[in-house]
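In the two assemblies presented below, chain A is common to both, partnered first by chain B and then by chain C.
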Partner chain A sequence: MSLSALAVSARLRSTSRSRRAKDRALEVCAWASLIVALIPLVAISLFLVSQGIRSLSLEFLTSDPPGDLSATGGGIRNAVVGTLLMTGLATLIAVPTAIALAVFSREIGGRVATSVRFVVDVLAGLPSIVVGIFVYSLVVVATGHFSGFAGAIALAVIELPVIVVATDELLRLTDRRIDEGTRALGMLRWRSFLSVFIPTALSGIITGIMLAVSRAIGETAPLIFTALGNNFFTLDMNEPIQAMPLLIYRNALNSAFPAARDRAMGTALVLVLIVLAFNLLGRWIARRARPADQR
Partner chain B sequence: MTSAPIRLQPPPWAGATEAGTGLGADRANEVGPEAELAVELDRVSAYYGARRVVREISLSVRRNAITAIIGPSGCGKSTLLRCLNRMHELTPGARVQGRIEYHGLDLYAADIDPVAVRRTIGMVFQQPNPFPTMSIHDNVAAPARFNGLVASKAAENELVERCLRQAALWDEVKDKLKAGGTSLSGGQQQRLCIARALALEPDVLLMDEPCSALDPIATLQVEHLMAELKRQYTIVIVTHNMQQASRVSDETAFLTMGDDRAGYLVEMAETIEIFTNPKEQLTEDYVSGRFG
Partner chain C sequence: MTTGPQAHAIRVLRRRPGLNQDGWFRLALRGVAILVVVPILWMMVDTFSVTVPVWERFGIPGFVTGLRWAPSFTIYGALPFIYGTLLTSAIAMLIAVPVAVLIALLITEILPPRIRSSVAVTVDLLAAIPSVVYGLWGLLVLVPFLRPFEQAVAGTVGKVVPFLAGPTPGPSYFAAGVVVSIMIVPIIAALSREVFAATPRLQREAVRALGGTRWDVIRTVVLPIGRSGVLAAVILGLARAIGETIAVTMVIGNAPKIGASIFSPGFTLASVIANEFNEANQELHPEALIALGLVLLVISVLVNGLAILVRQRFARGVGRVA
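Entry: the complex of A and B
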């Protein structure tokens, strides 16, 4: 072996040894951070299940709560229905508005788009209690009473920026070449968006919508001064209506009563399961929305 | 064919709507022999902002012929091509100076709808760009459908088959028309894009380096296809590949970059002339590979 070859081989060995050490260290860090991240997740899940599982029953889901927080029995039907009604209506309001906002800011460009994005960013950073006060003064004061509609509007304001950001990001990724293709075929712009760009981005947009729904469904603060909550079953969105986060909040505040505490824990578990179900549904729809060869 | 000059009807795209159609290839036959030229450029310059990238190019594109535009990278070939169907102006800050006439009509006149121009003067791009969420069938049918060119489902199926046959793709995809457009190979995707452009019944087809992303076999297929298509269409192709220009084109324009970094026309002639007996030294240097 010549000298230079020896030198080369020595250098190769030393480099690879230090690299291997770094590689190893990084791997350890990655595992450590994974465990750190998992601890709270597992802890919360275990806590919720252990505390909430004993409240769960068919009756819990199909009956309404007793008027008295300290009384045992009853269920949370009114809260589940109220939450689904308000979140559903909020999503119906937020999705078309958010997609239209994203499309127009993308299409118009320039200063208008910049200011739209700025407003959306501000909206995304707004504390949810502020959203609650805003809708309170806008809707509740104007109509003179608390209502499910007011709650739905507040939740729509929460959902809006999440969906705008997701849609905007995905439209930004739309291939320039595809954009040029639609132009060169003399397609009108609304056609291009409706038939080409949005379908291409659809699976991502659905993921964004699911994220927004998951966020809105657990919001308490925007509902305190809008939907208010109540103790009986109603489908009338023009009246105060109960929601699961509100029920958790009121019952947990009175956790000196074992019945109230159990009811809060059971509701929390149901809420988490509903969010989980929405996420799984969203993933499934998003996968279906993707073209067959990209699944 | 009559010998008396026949003027084109009022611009087919003037005030065109979603349902408006372009000037069909068949209707181009109504034009007399003096309409030998499809497109004429008169001192056309193209700008991106203040920067001029194409300088005062004047040339003519013959009807039912293949015109090749060749030249080194960055000499404005693609930009020039994009001026012909008003795609250039879509880039923010981009503008065109000079006059471009299509069958005697000023393409940049105030009453001309650029969307209708793009329907009449189709374009195929360097990278195949089928619509990713659409099936093979829909990739061809949808643009025609959106432009109000199909009256019924049967007419649509007929159109799809005709265009795919014209693009020499039918036999390869007839059993999987419902499969995604992006599931095809690169060469097939490019022919799908050609079929899609043909579905709008254009008169002129602009091809911007249509084979540069394709392998030699797919390239050959597209070149054969072009030779077939020129019977019905006027084709302008931008290419890096001089062999390709010499193989497929009837006329060749050679562009190069001037000291001002703007592309200009060195010379244009019959392809055989350009490659065997060019008038300019620059052309000879380029086509013989001696270009710096």
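Entry: the complex of A and C
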């Protein structure tokens, strides 16, 4: 073998060594990133379970908080009920509207649909606090007081784009042959949507709804401007009403008091469990609906 | 789509009396669309009209560049909060972007396919945790945990660079940036993952067949093709960082001035609104806070618009390659 060939092969070996080293370095960095990102997840879970579990009891869920943040005892019944009422009403408003908007932009098209699409895109990108301010100037200023209704409307505006995007994506995926089939059968368009397209897309739409709800339940910022929160139990949506995120926020700001601190952590544990339940349920439905080879 | 005889057939079918129901169906859809879009647009106009006294008094440039925020003297300037928003977002992006992109590469290129989706779901869980819970954890755990590090930096590099100087009270731009970085990692990672997974398989296999390592595949195929898609993911992450409210409010220290160091307490646009709104009773104070909300709105619409533009370019790019 000539000298120059030896040199070339040595250089090849060394480049391949350096390339292999880079490959290795990439793998190490990538694993390190995953670990760095998962440390907070583990830390938050441990923190919530270890600190929150002390406050958790049946009484915690079924009694109302003492009027004074620094006082011990009491529970978070008013916040749980307020969160359920507002999120429930928000979902009742958002789901049919969002599905109608998605069907609208699929079925009708044209300039109006483009502008609807644009408004939905803008909404999807808005910080939730800006949504809170909008609903404040529309509802709270107009009615003259904070209320659970205003809170529900704010949460509905937050849920809306999530559900529209999920529904739209699924309607887009509807097989063209199915569409042509319904047309060939002379089916009315509203019939094809109601009995064919939406049922086909249903599991995906439900997943979108679950993710939207899990996001709305945890929102704090928009409620500061709308529901405001209070310390009493109420079912009156026309009054200020408490929510779990608001309760965590207000108690955390007074975390110098051990009672407020414990209450915040107990509520955070309950809130995260509820949010995770919706989130994982949504993913599970999506996964089950997909064909087995794509799971 | 349909021309000639087909179009004629459709026209004939449409004339059937029963199809009138579809007229109602379309009318109802239009009704819903208008019922949603008009109030939302009106809400924006209405919000602007509330803030008119602020613009009249300070002018748009005067308000946006005003350095002082003193409600008791009826002086309102937005600059300290714009600065805080940009600084915390920049810190968050510096930490989150490399971590998130590497996680996306790990999931799509390195992990065995069997465990990819479970790792992806685990990372996604970070996005499910409510902002207020991040704030609570940040306030009680992360801020005290970061302090020794802050003190070490302030005590060494900070002696020379004022931007990293002490004192280090704990709640700060830096703490807020770290909390926000944790919150946007799952967003950037999930979007980048989709981008990487869309790279054409043939090209990857071609590089592997030539003896390329996974690093070569990433360097010559995955990153060049996914560049604008990842950029769009990063910009969407930035949009989230800019709008993040409650978690930031709880760890940024709430000081309405420009802090000299990243370890100083400050405020972002979103956090000053959340913090002061319920106690705003001075002249023009609520209006000025809502005006800050409009500044935030403009910034986030611009950033989101940029992301949409970049994503459209990415979609074209993939079409060309594939």
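Just so it is clear, the second predicted complex is superposed on the first by the 241 of 295 C-alpha atoms of A that agree within 3 Å, B and C clash if a C-alpha of one lies under 4 Å from a C-alpha of the other, contacts with A are read in each partner's own complex, and residues count from 1 in each chain.
Note that in this section contacts are C-beta pairs under 8 Å (C-beta built on N, C-alpha and C of every residue); 3 or more make two chains touch, one makes a residue touch a chain.
Quick caveat: nothing in here was measured; it's all calculated off a predicted structure.
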Partner chain(s) touched by A:93 [first = chain B, second = chain C, both, neither]: neither
A:202 touches, of chain B and chain C: first, second, both or neither? first
Which of chain B and chain C A:273 touches, first, second, both or neither: neither
More chain A residues in contact [chain B versus chain C]: C
Partner chain(s) touched by A:84 [first = chain B, second = chain C, both, neither]: neither
Partner chain(s) touched by A:56 [first = chain B, second = chain C, both, neither]: neither
Contacts of A:130 with chain B and chain C, given as first, second, both or neither: second
First, second, both or neither for A:178, with chain B first and chain C second: first
Partner chain(s) touched by A:188 [first = chain B, second = chain C, both, neither]: both
Chain B and chain C footprints on chain A, overlapping residues: 186, 188
Chain A partner contacts - residues on chain B that touch it in the complex: 18, 22, 85, 87, 90, 92, 115-119, 122-123, 125, 127, 129-134, 142-143, 146-147, 179-180, 182-183, 193, 196-197, 200
Residue numbers on chain A that touch chain B, as the complex places them: 109, 175, 177-178, 180-188, 191, 195-196, 199-200, 202, 291-294
Chain C - residues contacting chain A, complex: 13, 16, 18-19, 21-22, 24-26, 28-30, 32-33, 35-37, 39-44, 46-47, 50, 98-100, 102-103, 105-106, 110, 117, 119, 121-123, 125-126, 128-137, 139-141, 182, 185-186, 189, 211, 213-216, 218, 236, 239, 242-246, 250, 270, 273-274, 277-278, 290, 293, 296-297, 300-301, 303-304, 307-308
Residues of chain A defined as touching chain C within the complex: 16, 19-20, 22-23, 26-27, 29-34, 36-38, 40-41, 43-44, 47-48, 97, 100-101, 103-104, 107-108, 112-113, 115-116, 119, 121-123, 125-130, 133-138, 141, 157, 160, 186, 188-190, 193, 214, 217-221, 224-225, 228, 245, 248-249, 252-253, 255, 261, 264-265, 268, 271-272, 275-276, 279, 283, 295
